[in-house]
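These notes open a run of structures that come right after.
Heads up, the next two complexes both have subunit A, just with different partners, subunit B and then subunit C.
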Partner chain A sequence: MKKILSLFLILFSATLLQAQVSDLLKKSEVHGSFEADGMYYHPDIPMGITDSLIAGRNFAFNGFAEVIYTLGNFSAGVRYEAYLPPIAGFDNRLEGSGIPYMWASYSTKKFSFTIGNFYEQFGNGLVLRTYQEWTLGYDNSLNGARVTYQPVKGIILKGVYGTQRFFWNKYTKNSRGIVKGMDAELCFNDLVKSMADSKLRITIGGSFVSKYQVDNDPIYKLPRDVGTGAARFNIGIGKFNFSSEYAHKINDPSAINHYIYKPGDAFIFNASYSTRGLGILAVFKRIDNFSYKSDRAETANALDISFLPPITEAHTYMLASMYPYATQPNGELGFQLQVNYKIPKKSKLGGKYGMDISVNFSQINDIVRTPAGDTSAINVPGTLGYTSKFFQFSDHIFMRDIEIHLHKKFSRKFHATAEYLNQVFDIASIQGHAGDPVIHDNIAILDMTYKFTSRKSLRWEAQALFTKQDKRNWLAALVEYTISPHWFITASDQWNYGNPVTDDQLHYYTVAGGYSVKTIRFALTYGRQREGVVCVGGVCRQVPASSGFYLTISSSF
Partner chain B sequence: MKKFLILIFIVLLGLGAMAQSESSNKLPSVNVKTLDGKTFNTSEISNDGKPIIIAFWALWCKPCKKELDAYNEVYEDWQDETGVKIIAVSIDDARSTAKVKPFVMGKDWEFDVLLDPNQEFKRAMSVNMVPHTFLLDGSGKIVYQHTSYYEGLEDELFEIVKKVAKGEDISKH
Partner chain C sequence: MKTFKIISFVIALIVVFSACEKVSPPFKENNGGGNDTTGVVKNVLLEDFTGHTCVNCPIAAVIAHNLKHLYGERLVVMAVHAGYFADPHPGSAFDNDYRTPAGNEWNNWFGLQNYPSGLIDRIPNSPGDYIVVKDKWGVKVADEMQKEAEAKITLSTSFSSGMVSIDVTTEFLKSMSSTYSLFVGITEDSIVSAQKNENPEVGDTPIINDYVFMHMFRGAVNGTWGENIFGDAVEVGKQYTKSYQYTLAGDPDNSHVVAYVYDNDTKSVIQVVEKDVN
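The block that comes next holds the complex of A and B.
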């Protein structure tokens, strides 16, 4: 009887609730995404992967699921992550599972308030950028509070306060620094009515960030509060655009800068000209002692407050990405010139469909350091470290990258891309391979696509890398067959035929297939992964050589 | 008591599922930038009651650029037939945000391009990887989305755009 009664009660309350709840639920939205990457490793003796190296850890798994709930102005989100254990190449400190990301926010057009974990970027990110990059296992989200306020159209004010994510380590008293920051941005074209349709477009901004970390150092007296300030502008005049940001940091001795007391500077300047069919870009960048982390003892890819973008091209072809650049936070001076041009349709060279040409030149040198005093050498811990002139390029080249890229559609069925690269790469400085000679390489790539029908097409790549240094010459090829909208199958091989050690003249082959429908995607890969570096946006991770199966499933809703 | 709570929970979940199937998600309100450096709120994306395609892409993503090249070639025809508007959202970070405008102009792409340098819009839309393309109907509801790009996918998308423009059912796609 009691059971029946309670059942009645449930049904009754449910129907009562339904009216209100269903109304509420109609207004609410739920969406999210998930990904699961699984790896099975097997021994591969020629690659040096033995049973004892794998040590029973044949399986690796990285996965996440994220859900965002919205009800009117209110929203909340949560992300679960698991690394059991992390796939080879990811930071070992990620091993584990849990909820590292949880937030709730209230936002209107003028005002927003977030509590919990959040991502934010001030200007170009020189003084503050928190972000997440799944493919790198990188996440430096702030945990605390964020406010943005737009008093009138054209002014945006932001404030942030919190501590950064450090793998699975919870923040406890003094375990790492506390970050606070403010940013203001003014857009004159929105603020001043008479400028609304002006050809002159001006936006300016400024930010201030400070980190607090206790000083427990037995030797040095370290600054508890390290402040950085930055100013920026973006000016457009017709087809020209100029943007720049300058940031200054007070002394911040850290494990990265050898505990020197020199203040730091970062400067970026971009100028571009864009018109239909033509785009030209020039970039100048200088970094001087600008590593800024919320723990001064951290040296790996973690707890970064500042983001120092590299200005070399992000290459994606297999052999072109052999030697990727990573920003040198202790000092670099570089420039880049890029021209994108479309040879018009129906011209002699352009043919029926036109042809895209892009040329890029980037070079990054070290800065010139001179001793700060008469007695001390350069970078002696506990001293001012060095002095450096702003526009002085050192003879030491970290990287030079020349790229010519052509793309042409020959007919409705056939199009092709050709690329040539010439690079100088100081592997000793960039990847810490002390003593290795500077690499000079030439790379040629041909990428062709043939469409059999409107749905079926075949793509193939041929690539070659020539160098007298490191592992010497490589050849690579790839074939890919796709049936739109669902299927792909691909096979590739990278052959280190020029390796001076005959036993190391290996083939790094892979075969893969995949299926995608709407936002669901499956892909299975079998093969060998060469040792290398994967970089996204200037942050890189080392990937060890591995061999085996790789399955990835992802979806969003 | 525990059982009671569980039951309530199940009932609520059921209601939630029902409500979900009736409504589709709309665009979140996030600040992005235009190629001129102006701030633009994504909730203001509109197209006079006609469909909108939002394509997430990046300079480092080859399939994305292929997809947008393919759209660009047929954009005029698509617009004449359905009035569809394409918005390409670049998720390039500070490394290459300044490169986007010269690139887009150099390519002579005709559609609007927005910058999402810290991927706030991408996150708010639950985009895992690029390319990821959304189709919105005339009322701004997301009615279709897909990831990955294969040669010829644009034909499939256009079939759906045509149906959405006419207000037809696309549940079979």
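The block that comes next holds the complex of A and C.
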């Protein structure tokens, strides 16, 4: 009898368990994405790529797969990554494979708790921003714990504690700093009932972040705890919007700032006006000694705690992106003014469909530095370094970018974009090409699209870059045929016809084709990539020229 | 529960806001360095991978110089010119080729990609990763200085008719489980030519036309990876002696012999010494 009872109990329990598991599975959700990028290199003698340079490493592979599981208030995720070896241009410290990103989180309406790896941003990111950018091989995620708490509607409190990802190197005692931070944000329109429907929208916020790193340097007395605080606001009045953030950092001698002990500051102010057919944006930014990393000795593009947003346009056309600007954390002072206007339909200039005009002007100068008093020179290691007046622009221009952008639809089948750029680019400061003259260039771009049918279209670009510096003049062209929603084929060429060295007047051609079905995308490219030198934070890396096949497969579910 | 949350939040605020340390001048440590050479001490090898068109390399040389000033003969510096930024550019101020076959091979083997970068006693940070950024040299050198000496190297040199005679005697001070090799090489100071530079504190920018190169690695005496003169198992207290003759191309008054013993498995240097050629 006992045996029968036991058997009955076991069967009953198993049935109950199965029902519970089945119920759990019904409530569960699994999402994810993956990408695999493979490169096959081959010798290309005109570009200086020989068999001995490739040294048997013909293949390179970057890939990741991410899975997120959700069950009610609980969620968890993992990301697997592999760089075997990394594709040319990626940091070779990425070589390897494993799971660098793993987390679990529990969230209610007011409360959220995360352990493991996470990304977070306080305000504009001036004092804390962790993020991942797959195409750059960049990931500065925190590994630790994060709490967010919303005591009442309109107030959000956040706290983070952890160490940052540094390629595949696990945190060990004193290997790098520990980051802790808090942020509070108040939205008055949510907090005060009488302001709920007000045209005046006010949000204020404040952050404090600190990093701890041991001082075992034999030469300098280094601060073990470096704190930085920030205050911000966002005020909207009808069609106007104003936002600003100011951050201050105490002494943080580091490899980037040449081990000076001056406090750092960062300031950004945005003003915008937006109405139907017209948008105006004005930005002012000042950075003064504000590199903030969780390892003071790190100079490469890694372990950044702060994020200093750029205020120059991120150009995407081939030749327009030839000279990209990189924020100068040791000091810069700049502004941006952008006006977007839509010429109305049925006007003389606008024609039947109207025309979009966008004008952007941005300029970034160096700050003015004067001796700090404890030394007769500027930036001497182990001193206060320098002093600098807040609104004083140096004559030294890092970058000036003037862009005029026109877009017009001529008919239901044909539309075109024309763009003109005038740039000043200090390649010596930004890319570390010491001694190279400042580049002054003019760029013209024409981008046209013709739709044969609702599914088939042809797009072609013609571009020209004129400069008397660097590698001189370039021409570029692109043709792309698309059969929506599945197929595309494209061919492009960049020709450095103005290079003073005849043998270097090369064509950088590519041919690519792709196929998409649902969320899966395949693309195969064959062609050449230009050589370049990338300097980040005082360390330069040669991004080698490459030639070969590039295959990418991506999907999400 | 509400009180608990408020208390937790206040505690967190106190923890975070108390995390600030303002350093008052003077900002430099007042220490006497590590020049205590009574008895056998562990010396440290700093290899500075550099190149004459590398704009950030002069400041790395300053860091190496400051450390050498601090630690004296306990720190041996070798400036290895290798990689992209060491390429000669005929017809320009950078037409000198300071690269060496051994330097090129080390550059590839240790996977140098960013310049300046260094190796400190060739101690790996993690398996396969030996590279130390210039601003960590001080910390890593200090760590290595703390280690106990495992071997003693005695180096004697003489110079005659363009030839350096080198006698190296190695004695292991404790029982060792791995196998080891002896490397002997030449460095040279005070070579003057052009160097790119972006730091006005170090010199002219963008080019220092009369830059003085110090500790430049000029070549290996007994091959890129030296030679195993100790056999499969080393004996404690035994004196292993090896002599070399080397034709010196550089200035004997500015040249030095560097000798180090390293672990064949890990490539890590256990002892290093340096002596003037003349």
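We take it that the second predicted complex is superposed on the first by the 525 of 557 C-alpha atoms of A that agree within 3 Å, B and C clash if a C-alpha of one lies under 4 Å from a C-alpha of the other, contacts with A are read in each partner's own complex, and residues count from 1 in each chain.
To be clear about the criterion, a residue touches a chain if its C-beta (ideal position, glycine included) is under 8 Å from a C-beta of that chain, and two chains touch if they have at least 3 such contacts.
The shown structure was predicted, so the numbers you read here are calculated from the model rather than taken from an experiment.
Taken together in the superposed arrangement on subunit A, subunit B and subunit C fit without clashing. Once the two complexes are overlaid on the shared chain, A:Gly373 sits clear of subunit B and of subunit C alike.
In the superposition on chain A, A:Pro46 makes contact with neither subunit B nor subunit C.
Touch criterion met: A:Ile68 reaches subunit B, while subunit C stays clear of it. Touch criterion met: A:Gly432 reaches subunit C, while subunit B stays clear of it.
Look at A:Gly125: by the touch rule set out above, it reaches subunit B but stays clear of subunit C. Taking subunit B and subunit C in turn and counting the residues of subunit A each one touches, the greater count comes from B.
Contacts of A:Asn92 after superposition on the shared chain: subunit C is touched, whereas subunit B is not.
When the shared chain is aligned, subunit B comes close enough to touch A:Arg201, but subunit C does not. Of the two partner chains placed by the overlay, only subunit B lies in contact with A:Ser358; subunit C stays clear of it. Once both structures are overlaid on their shared chain A, subunit B and subunit C have a minimum Cα-Cα separation of 21 Å. Shared interface residues of subunit A, touching subunit B in one complex and subunit C in the other, are 538.
Residue ranges on subunit C touching subunit A, taken from their complex, read 5, 9, 12-13, 15-17, 19-23, 25-29, 31, 33-34, 54-56, 59, 66-67, 70, 84-85, 111, 113-117, 125-126, 129, 133-136, 138-139, 141-143, 196-201, 205-207. Within the complex formed with subunit A, the residues of subunit B that make contact are 4, 7-8, 11-12, 15-16, 18-20, 22-23, 25-26, 28-29, 31, 36-39, 41, 43, 59-62, 93-99, 101-108, 117-120, 123-129, 132, 144-148, 150-153, 155-156.
Chain contact summary for the complex, subunit A toward subunit B: residues 6, 10, 13-14, 17-18, 21-22, 25-26, 28-33, 35, 66, 68, 70, 75, 107, 109, 119-121, 124-125, 129, 131, 134, 148, 156, 185, 187, 189-190, 201, 203, 234, 236, 241, 243, 270, 272-281, 283, 307, 309-311, 314, 316, 338-342, 354, 356, 358, 449, 451, 453-457, 459, 482-485, 488, 516-519, 521, 537-538, 554-557. The touching residues of subunit A, counted against subunit C in their complex, run 91-93, 149, 151, 157, 159, 168-169, 180-182, 208-210, 212, 216-227, 250-251, 253-255, 258-259, 261, 296-300, 374, 377-384, 428, 432, 434-436, 535, 538-542.
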